[in-house]
Each structure stands twice: as structure tokens, then as C-alpha cells.
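One chain, subunit A, links the two complexes that follow: it is found with subunit B in the first and with subunit C in the second.
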Partner chain A sequence: MNVKIKAPGSEYVARDFLVKYGFILVTIISFVLFFSSQETFRISTTFFSMLKYTSVVAITGLGITFSMAVGGLDLSVGAVAGMAVTLSAMTMVVYDKPAIVAVGLVLLAGALIGLLNAFLIVVLKIPDLLATLASMFAIMGLKLVPVNGRSVSSGMMLEDGSTAPGKFTDGFLKIDGGQLGPIPYAVILWMSLTIVCWLFLTRTTWGRAMYSVGSNPEAAMLAGIKVKLYRTLAYVASSVLASISGLILASRIGQGDISAGNSLLLDSVAVALVGTSVLAMGKPNAWGTALGAFLMGVVITGLTIAGFPYYGQDVVKGSVLLLALVFSFTLSRKKSRFISAV
Partner chain B sequence: MKAGKVKLIAVTTAALVLATTAVSSSQAATKPAPFSAGTVKIALVQNSGAGDYFQQWTNGAKKQATAIGIDMQIYDAQADNAKQATDMETAIGSGVKAIIVDHGNADTMCPGINKAIDAGIPVVVYDVDIRACAPRAVFTSQSDELLAAAVLAQAVKDLGKTKTVGYVNVLGIAPLDRRHIVWEKTKKAQKWTQKFFVGKFTNSVATDNAQLVDAALKANPKISAIFAPYDELAKGAISAVYQNKLQSKIKIYGIDISNADIELMTKVGSPWTATAGTDPNAIGAGVVRVMALKIAGEQKTNEVSFPGVLITAKFLKANKIKNMDDLRAKLPALSMSKAASAAWIPAVKF
Partner chain C sequence: MKKSLEIRSVRKSFGSNEVLKGISFRIEPGEIVSLLGANGAGKSTLIKILSGAYTEFEGEILINDQPAKFNSPLQARSIGIETVHQKINEGIIPGLTVAENLLFDRIALGEISRFATPAKLVRESKEILKELDLDWNESILKDDVFNLGIADQQLLLLARALSHNPSLLILDEPTSALSNLEVARLFKIIQRLRTDGVAILYVSHRLGEIDELADRIVVLRDGVIQAIQSKPFNWEDALHEMLGISLNDAQVAQDEQRGASVVLSIKDAQIFSEGKQWSLDIRGGEVTGVIGLLGAGKTELARALYGVDKLKSGTIEFLGESYRPKSPIDAIKKGIFLISEDRARDGVLEGWSIANTASLPFLKKISSGGLMNFSKETDLAKQMIERLNVITQSHRSTVDSLSGGNQQKVMVGRWLIQDSRLLLLDEPFRGVDIGARREIAKQIRDLAREGNGAIIFSSDIDEILESADRVIVMVDGDIKYDGYLSNTSRNEIIKKMSEVA
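Entry: the complex of A and B
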């Protein structure tokens, strides 16, 4: 009598383990792989410059996390970050104002764009994707009007023939260039924002209300949740976070580069999507997004150091995203709840 | 001022060629340290490696690097300035002997360049004007003034005074800014009326600018020439001209040369009349030679400039030139193998 008795549901144990920890495993494996094979990868400055590079995508991804939490998707984040770069350059270089004014204006502009997006979506009832697609184009164009489509750099010639009086202040350049011990400020900013967003989304009634708006707006409405208010909040948070990453970008580039932020949208959507699969959350979440961004950073930096061509990197990026989606949708027994509006 | 600068460049180049010839005749061909001890690791931090020009540039750089015994790690930021700044930091941390920076913004790259030099890593920069913010780096460039002057002299010969013209350029990029100055001067001297000025820099310059020029041509179809001082911009202008069926009426003057450019120029009825260029392979190789000289302690000046030559569609057709190989054979001046070289540096063929 040698009958194997299978515990009921034992095939699920491995599967659930994979769904829950699979992504963390992938991250650890890729890190170890690059760490052991690439000498450059082992140097601590490489690690921190990788985190610094990742911080921009990660913070924008946090914004995406908010819009996905309420069941939408904010396509204007890359444009908002680009706007932040041009606006901070205008403020400091053309109008010769201190860095603090530039930061204030950028955050204010971010909040206003968030409100505008919310107005289009909540009041005018335009679907999220379409509304933010429109605002994306509008912002990309509008930011070029005051600068005549040119990148703003210190000492540039202005329309009236005079020379721009200001420059990127040293303090502003510290946002990306400065560091506390070995840790760049941008990374500290990323970690702090991740903690704040995580606390907000999981430990406050507002955060939980956002998730319920995202998973079932009708039910949320019936439960007395102010659906419109929370959707508005989410889009404002998304734009403000995007403008913060724009500030880091501006500080890194050191001029009002008009093409800045162009590649940000797709990368940040990818890291937020990857984040949904972390710990089988099945929903957008702050730490998941942070880990997703970290993994993308490891993969991109590792492949760059290994001399892998950039088009190959995109293939790998796509595969990582696909793997995460398989964890979330195919293997998971829990129904993933996000981007229901899409 | 302008003439003074061009003269200065010419003198520098001449001096450089003389100096290197002197070196090659007196010195034995044994490699100096650290090349004598084996492979030397350096990094190439590129703003963009895409497009005909950059691909050839990189090819030339790679070939010359291999010939000298340099292991060159290539970082390609894909025209993303922020990524290039990060690549620079990764390169500094990676323990290379030297770093070559190819294109980018001075404001973005200078902090990293200075950081590298502070860390004892010499930096050779190609086509980013860092002379003000990182004077300790070696600044190399092709002489954009001479290139623009050469092709515009041909345009003046072809067109004459008081013509209406279009212009495709993107300001804020060092070489294009330098070509812009020559254009402004020529335009004024010839009393040309500029009907439009469009252009933007993206990761697909030709396609995106075709659209801009197309719109500009719809509004101003009666111009006699377009100056597009970068071959990807010229390609955009050409497809817009074809699209509007204006190829028999409008002459295009570009800058840069590649296989694809030659094909476009020699096509029957092509509006692309003349270009001025250097062989991008030769420039890439030249920059690597400057780097090698710098590492060996033989590069004394902090400025090196590579000259260019005028190439007309007529010359290409008359000599039945189909590609860069043919052109190199018919126009030996392109190779510049004597510029910035030494006896221990092997010449390479592309």
C-alpha cells in the first residue's frame, strides 16, 4: 500500500508562495546575478547612483499609484515633470528668482494641473485615460510657449536680445547633486515620500476610501464615501508627485531641457503595475511601486554595465512587466483590482 | 572676431598635425605606459548612439580603441540628458582610467566631468562646449564654423543674392549653435529672406522634422533653398520637399555625410545639392586617439579641432560614388589619420 495522499490544495501552496514572494525573489535573483558577475555593480557609488536615477521614475510611479488606486490612470505625469523642468528654469534663469520660489511655483503648478485633470474627469465626466491624454498634450505644448520652444539655459539670449540674468542656484542643484553621507538627497526624498504615501493609503480612512472608490465606485458611493472628492485628491497627489520628480530632473539636468520627462510616463506606469504584484497585493501600493522601481533600476543599471544594447533593455523591461502581470492576473487566485476604468 | 576664431582653429589644427608628425618621426613605436602594461579600461558616455552619424562615430571610436589596446565600455543615454548625467556617475564609479563624453549639455555634464577630473580620471569631451565650466577637460570638436562656411559658400555660388530661403535647425546644441552663427552672417551678407525657421530635437529627428518642414512648406512653397545644418534635419527637409513635389524648385544644403546621405544626394532629382562633412568614423577614432595621448601624458593642449570638406551632389555623381568607402577612396582628406596621432598609435581603416 503505497498510496500517496496529497494534502488538499497542496498545489496551491507552491503557487501561492510564488504569487506572494515571486517578485521579491526575482528582484533578489537579478541583484545577486549582477552583483556577482559585474565588478562595477559591486561598487557602492554605482548602487547609490542607480538609486538616484531610479528615484525620478519611482516618485512619478507613486503618483501613478494614486491614480490607479481610484481606478484610473494619469497619463499626464511625464508632461507635468517636463513642465516642472521648464518652469523651474524659467523662474531661476530668466526671472532670476531664488530656488525656493521655483520649488513653490512648480508644486503649485502641479497641484493646479491635478485639479484641472480632476475637473475634466469628475465634473466633465471625460474618462480618465482620455482626459489625461488631452492634458498631457496641452501641457507639453503650453510649457513651450513662454520659452519659444527652446531649452532654457543660463546665459542664453532672450527674445529682446538681452542675456538671461539668472542661473540654476547651487542650492537647487543640491536637490539631485547633494547627499547625506553616501545617500543622495533624491533617494531620501523618494524613501520619505514612499513612507508618507504608504501611511496615507493604508493607515488612514482617506486612503482606504480611495481604494474602495477604485474597486467599486457605486458601492463606495452607497457607503457614503465622497467619490468625487477622493478622485480629485488622487489626481492632485499624482500631479504634485510628478512635479516633485520634475524638480529632481531639473536639478540633475541643470537647464530647462524641453525634452525632459518624455520617457517618464511609460516607465512609471510600468513600475506601478509591477508593484501591484508584490506580496500578492493585487492592487497598486506604495512599497510595491518602490520595489518595482528598484527592480527596474537594478535591471537597467546591470544591463548597461554589462554593455547590453538599449533596445535589448526594453525587451527585458517588457518581460519583467509581463512576469509581474502573470503573477497578478494568471497565477493569483485573488482577483486583482486595479485600472477597472480602463 | 569670427575670422580670428577660425584662424585660431586652423592654426591649432596645423600645429597639432605638425607636432604629431614630429613625434612620429622621432619616437620608436613602443607603447608608452600604461598601454605598455596591457589593456586600458575607459568609458564612453554618449548622449545618443542612434542615427547614421552616431553609429559611424561609435564604430570609428571602437576600432581605434581596439587597435590601441583600450577596452571601451559604452554608455548610451538615448538622447535622455538626465540619464547621461547618471551614466557619467556610474562611469566615474566603475574604476575606468579615462572617460570620453560624446555630445550632451554643458550644464548637465560639467558637474560630472569636474567630479571625474577631481578623482584623477582625465576626461575628453567631444562636441559639448565645456571650455567655460570644465576647463581642465580636453575639448574636441569638428570645426562647425568651417563646415558651415564651406557648404554655405557653395550655396552662395548656386543661388546668388536676395533669395527667399527656409531654415531647419535646433538651437541650444553646441555644434548647431556654431553653424547657426555662420548661417546668420551669410544670410545677412547675401540679403536672403528667411521665410521659416523650424526644427526640434527628438529621438527620431528626421521623421519629426519632416512634419514641421511639411507644414512650413505648405505656407511658403516659393522658396529657393533650405539650409538644414545636420543630416537628420536635412533628411526631414528632403522628405517634406518630396511630399510637396517641390524637388525641382528647392535646393537643400545640409551638413554631415554618411552612406544613407550619399544615397539620398545621388538619387535622380534629389534636392540635396551640397553638404560638408567629416567622416564620423574618423572623428570617433580621432577622439579616442586624443584620449590615448592624454592618458599617456602626450596631449598638451586642452583643445583639438577636426576640419571638414565640402561634398557636392555633382562631385558624387561625376565620380559615381555610392557610399562612404568610395568617397574615402576619392577624397583622402576625409580620413584625418595624421591628426592627433603618434607613432605608437596604429592607424585604422573604416
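Entry: the complex of A and C
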């Protein structure tokens, strides 16, 4: 039976429009603004290199999207990406193994850390934020042990006095450096992963189950959803995605920089949060995260080109995030639901 | 100091909803008055007014025949009214020691220095505990309150209330967390307070306790006092007043169904650790109504059958096979579905559409290889909306935007349109309007008619009379009556419910 209940009042129409499309509008306006005012911004290589730089944060943000979808938050993603940088350098430079081994090891390590996080959260029942905070510190410290706290670069002196035999292979360096036509591989990877995650979260039963766990775990359990399994899956996905962005980062830096990934956590949480306000979704989602990362990229790149000092960037990121949160929480009539674990 | 309490024509509304419609009664010093009422009768509202939590109301409260005005719980305390609330965790402050919790009010008011040594706190605490004959030693007093058992936490709250030497004590369901032994200890304390001249308002659903303790009972229904009785109590009358006069007695069991085949067989079951054991067969083809007051063990039984919790003891057979569900997943696989008691807490997913909510337990059925088939999901939702007559704009509307009755139709309907063999409905009509209630009840009967089992757990006698064929009366986890409605009467059911243990 279809009955008209009530039409939303006209005072809400403008507001609802703003909540729904406001963020996309902000993105378009920023883009147009920089495009028309900055000549450098109009060069297509600028555009693609901007996307390339954004891809690391964006892919890590996809991971955050998963942990947020089950009602948690994975604070270890930056550390996992940093671990990936050191581990791939160790494998190729110190042990002289081919790139494919490095990639395999990094992904495996990412999956294992995800399982460990899930173990802390699901079995030991430590709240998400606290568990992943602890594992963040542990990972950041542990990755320094085999390299004696030093960055790994080719030709470096090893402990026994010999020179490191290997180097970052050309193939590995292509992850970040290579491109298909004008499009960098990293961007293709970002887009492909966004599509995969989007399909997973919106088109599969597993994604639906994850959202139900994040929305109301008790109701999900009573509906026969395996709550523990889906929380585990989400944390594994989060860590694996973070290790993929670590691989891009390693390929970009070309050495095992021990400080790599340090700033990644906050940026990726920000883009995932921004993503929740896109189209008034009110929940973490893959395309929202991608768009959030894109907007951050546009604004930062545009301002950098315009000569805005680098130390002001965080102020801009903070303002963008704040704007998105105002859309989600203040203006929206729908209650936004994520990070219930906090 | 001995004080009497009088409540005179107290009215309280929330918006257009009048919850208390002119309440007047009196408690003398040294008297225990028990307040009796079903859910939504207005008990909690009255307690909140007396404890100073609600300050906006009509009418008067008189202490020793003098009008009393208090604008906060603190002021209520200062004129001698102490309340021990039902929810223990609202009174206990975790992270503080037992002694600090006992003395919390006095520390907060600055009567005891914030910098008092633990030894001083222990000394002060022991003074309080002496009054109650509680012998908690120093190591207990210095321990985190979290390490106390729930019963001892309850006693702690009582001790704290008594440390202010109240002349009026309000106890809201004080025994719901206590074992028999602890209840006995609590009663001894309450009896002594009565001798000391304290006026006590005792709120409980356990008739046995009230029978033992109270001097008078006040029966509340729909915000109106229905009756006031003095000892000896006529429980049958009291329950009649509490549950209301049925307008549709004549309608009962118009087309009573008698089931034949046993669907579920429970043997030697025990719901509470101190309860009696009983056995029960649930038959397909009829609607079984389990009636009992709050805390009778209905929800515990429903959740055990659904695999959420476990019975204290007993075995279950489902369709002749041993049935030991480890989780709702096991129950759902067998076609045993639960509509749980608290819709908002256990059912509604905020912001989720009707279609998504309806399909959640059956994601496998609307997908292949994990990929969802949205048109199947939509069909399912439309089918449910049509069959249960859910009033909504579309299947994409969110469940939380629907009225209570329509929300409940979705909660019930999502299971009904699947192959249900045994439907467990815990308070399915709470907060549901009469139209939706009839609609849902009809659907349950239709399901049963096809040979399936259906159990409605309710504390509302009229709901059971209207929707069940067979009625089981549960009191304190024990079965007091089991029979078909046509063989019994409303009066007899109430009599069984009022059987004091």
C-alpha cells in the first residue's frame, strides 16, 4: 500500500540539497577556481601527478572506510604503510630478492597485522581505538628492529661490514613511476581498488553484513549475522589496503625510509570522514572516500601552486574536514552513524 | 525524625500525553506502601517526581501535612526523601572504592573532605554499615566497587541512602538482581526501618515480596489509582485492577485452534538458578501465549530457544531432533525466528530502509555467490509491505521513520514471509496501535494454521486473550498453568498469575 505520509517542508528543500550535493559543489568550485586562476594547474601533468600523490592517502582511506563500516576505527594504518616501506626495502636491498617477493611479503604481513588487530578486538575484546593504537606503536617499533633503526638504501653498509647486495628493482619503481598513456599506475590502482571496494560494500552480502555490524551489532547478531567474522574481515581489509599504499610509497621514495607513513593516519581518517558527507550518505563509503581524497588533493595542490606556505596545509585540511562534518552532523536531518566505538 | 508523606492530586503530562491523571495517596511513618502497575502505568514518573528529578507537575506533595517544594534530587534528600533506583549502574560510580561509593554523596557535598585518608573513609563507612549489620572488612571497603557482586552493589546503594537517615525511602525494584538469600537479608533491613518509623514506598513486580512486606498496596493503571488495599490483600482483585477490565471478553477464542503435532519439546527446563524445573511441549497449528509479569522469565526463555542465551538446565527437541542452538544462526537455519522485545535496541538499524532491514537475516536468499540481487530484495520487501499492510511511502523509506506499529510490522513481517517453523514473539505488541496489533495477530494465526508453532510472550493479558489459543502462565520462572483458553477464563488466568510463591 502506498500512502503519502508527508512531504518535506519547503524550508528543508534548500537545506537537504546542500547536505546532499554541498560537498560535491565545494569540490567542483575549488577545482574551477584553481583551474581558472593558476596556469600551472591547467597542465595535464599537474593533474595526474596530483592524483598520483593523492592515491596513497586515498587507498589508506579506503582501509579506514572498512574499519569505520563495522563501527570501529583502525589507527594502525599509517604504521602498516610504514612497515610496508621498510619490509619491501629489506627484501629487495638487503636480501636481494625480486620485487614480486617483496610485494607478496608486504601483502602477507598486512593481512597478518589485520588478523592480529581483529584478535585484539574480537577475542580479547579491547575497544577498537585502543587496540589499534597499541598495535600502531608496536608496528612502528618492531619494523626498526631488523634495520637497527636505520633507513635502508641500496649500497648501504650492512652490520657485517659488507655492502647491501640488492636495490629497488626497476619493476618495483614502476609501481609509482610508471604510467599507462598519461595515467600513472598508482592512479589506476587507486581507481580499481575504489571500484572493487565499492562493489564489495554495496553489492555483496558481506558488505551489507559489515554495515549492519557497524549500525547495530546487537540487531545484526539477532538477525544471524556473524558479527565477529565481519569485524575480522574489515580489519584485514584495512591492513591489506594500508600495505598496498605502503608499496606505492616505497616505490615513490625508492628507499626504506623509516619515517615513511608517519603522517598517513590522520590524512586518511580525514578523507574517509569527509567521504561520509558525500551525497548525504551518512556512512563510510568507497566513492565518498575517493572524492574526499580528490578534494584534499585539489585544494593542497592548488594552494601550493598559488604559493601558499606548506605549513599552512594542515589548517586547510582541518577546515575541509570541519566543513564536511558540518554537512554530516549539523545540517543533515539524518543522524550520521559511524565511529560508534569512540 | 518521623514523617508522613502525602501526594495530593498529582498530574504530569509529556506534551499531550498525560501520564499521571490526579494521583493521591498517603504513607504514614512506619508504613510500607507498595506501588503496583504494569508497564506504562506511570510508576516511574511518580518516582521521579518524588525523588526530585521531575520538578514540573501539577498537584502537591505534603510532608507532615506541610506542602513541600523541592527542585532537585538534592533538595528532596535534604527534606528526608531517599530513592534507591532500579538501575544499579546509575548509582554506582565505577573506578572508586567501595568506601568512596558509600560516602559519595557526603564527599560530593563537602561534608567529608575531598582529601580524607582512606583510613578515615573506612572508619566512616563502617559506621554506616554497622546500622545495616553488614560486616564488610577493610579490604573490601578499599577495593574497587566494580569487584562487588551485583547484589552487594544493590545493598551498597541502600546503605548509602540510609546513611542520610531518611524519613521517606523509595525502593524501585530493589530485588530484581538479588537471590533468595539476599532478598531475605534485605527484607530484614526493611522491616527494621519500618520499626524505626521510616515511611517506605516499595515498587516491585514480585507479588510474593509485596505480600510479605507491604501494609497497603496502591494499584496504578494508565495514570489513575484503581484501588488501594490494606492487608490481607486480595491479589486477584489487585491484578484485575492492574491489568484492566477487558472490553472484549466475548471475543476470546472465537475460532480456537487446537494443534496436533509437537514442534518443540522442552524437558526439565530451569530458567533461574533457584527456580523449579518443568517440561513443556509446543504444538504446531496453534498459537501459544506465555503470560507473566515483568521478570517472570519470559524473555530468558525466548532468548534461550533462539540460541542467544542458555537455560540453566534442561534439554530441547525440535521436530523430534535434539536442538542445542549455539547462536541465532543455528535457530534461523531451522526456521526458528525471534522478534525480540526491544525493537529500538535489538531490531531497528538506524537509517536502514525497510527493504534492507527485511532482508538482513536472509542475505543468502537474495544473492548468488555473495552478489546481491536487488530486484529480489525489492520484491521481498514489497511482498512484506503488502501482506502486513505496512503504511509507508516506499520500501526505500527508513524503518525509523515509520510509526511504532508499522516498525513492528516490519520486524515481524521480515520473518513471516520466510519459511517459519516456530515463531517466538517477545512482547510483540508493545508500543503498537490496535490496528497494527490486530494485523500482526492475524498473520501469526495464519502462520500457525499452516501447522507451524508460534509463541507469544507477553505481560498483557488482553494481548494473550486476543491472539493466543493456548495459554501458559509463568511466575518466577515456573509454569503455573497450561491450558486452552476455552477451558479457562480471564479471572482464572489472573488468579494463577497472582499465585504467590
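Going forward, the second predicted complex is superposed on the first by the 334 of 342 C-alpha atoms of A that agree within 3 Å, B and C clash if a C-alpha of one lies under 4 Å from a C-alpha of the other, contacts with A are read in each partner's own complex, and residues count from 1 in each chain.
We take it that a residue touches a chain if its C-beta (ideal position, glycine included) is under 8 Å from a C-beta of that chain, and two chains touch if they have at least 3 such contacts.
Source: prediction; values computed, not measured.
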{"item": "Superposed partners subunit B and subunit C on subunit A - clash or fit", "value": "fit"}
{"item": "Touching partner for A:Phe168 - first (subunit B), second (subunit C), both, neither", "value": "first"}
{"item": "Subunit A residues touched by each partner, larger count belonging to subunit B or subunit C", "value": "B"}
{"item": "First, second, both or neither for A:Arg150, with subunit B first and subunit C second", "value": "first"}
{"item": "Partner chain(s) touched by A:Leu222 [first = subunit B, second = subunit C, both, neither]", "value": "second"}
{"item": "Subunit B versus subunit C as contact partner of A:Ala209, first or second or both or neither", "value": "second"}
{"item": "Shortest CA-CA distance in Å separating subunit B from subunit C in the superposed model", "value": "33"}
{"item": "Subunit B/subunit C common contact set on subunit A", "value": "none"}
{"item": "Complex contact set, residues of subunit B against subunit A", "value": "49, 73-76, 78-83, 85-87, 89-90, 92-95, 105, 107-108, 110-111, 171-172, 200-202"}
{"item": "Residues on subunit C engaged by subunit A in the complex (per definition of touch)", "value": "306, 308, 327-329, 331-332, 338, 340, 345-352, 356, 360-361, 363-364, 367, 370-372, 385-386, 389-394"}
{"item": "Subunit C-touching residues of subunit A, taken from the complex the two chains share", "value": "1-5, 203-206, 208-209, 212, 215-216, 218-226, 282-283, 334-335, 337"}
{"item": "Interfacial residue positions of subunit A with respect to subunit B in the complex", "value": "39-40, 43-46, 49-50, 52-53, 56, 149-151, 153-154, 156, 168, 173, 177, 249, 252-255, 257, 259-260, 262-263, 301, 304-305, 307, 309-310"}
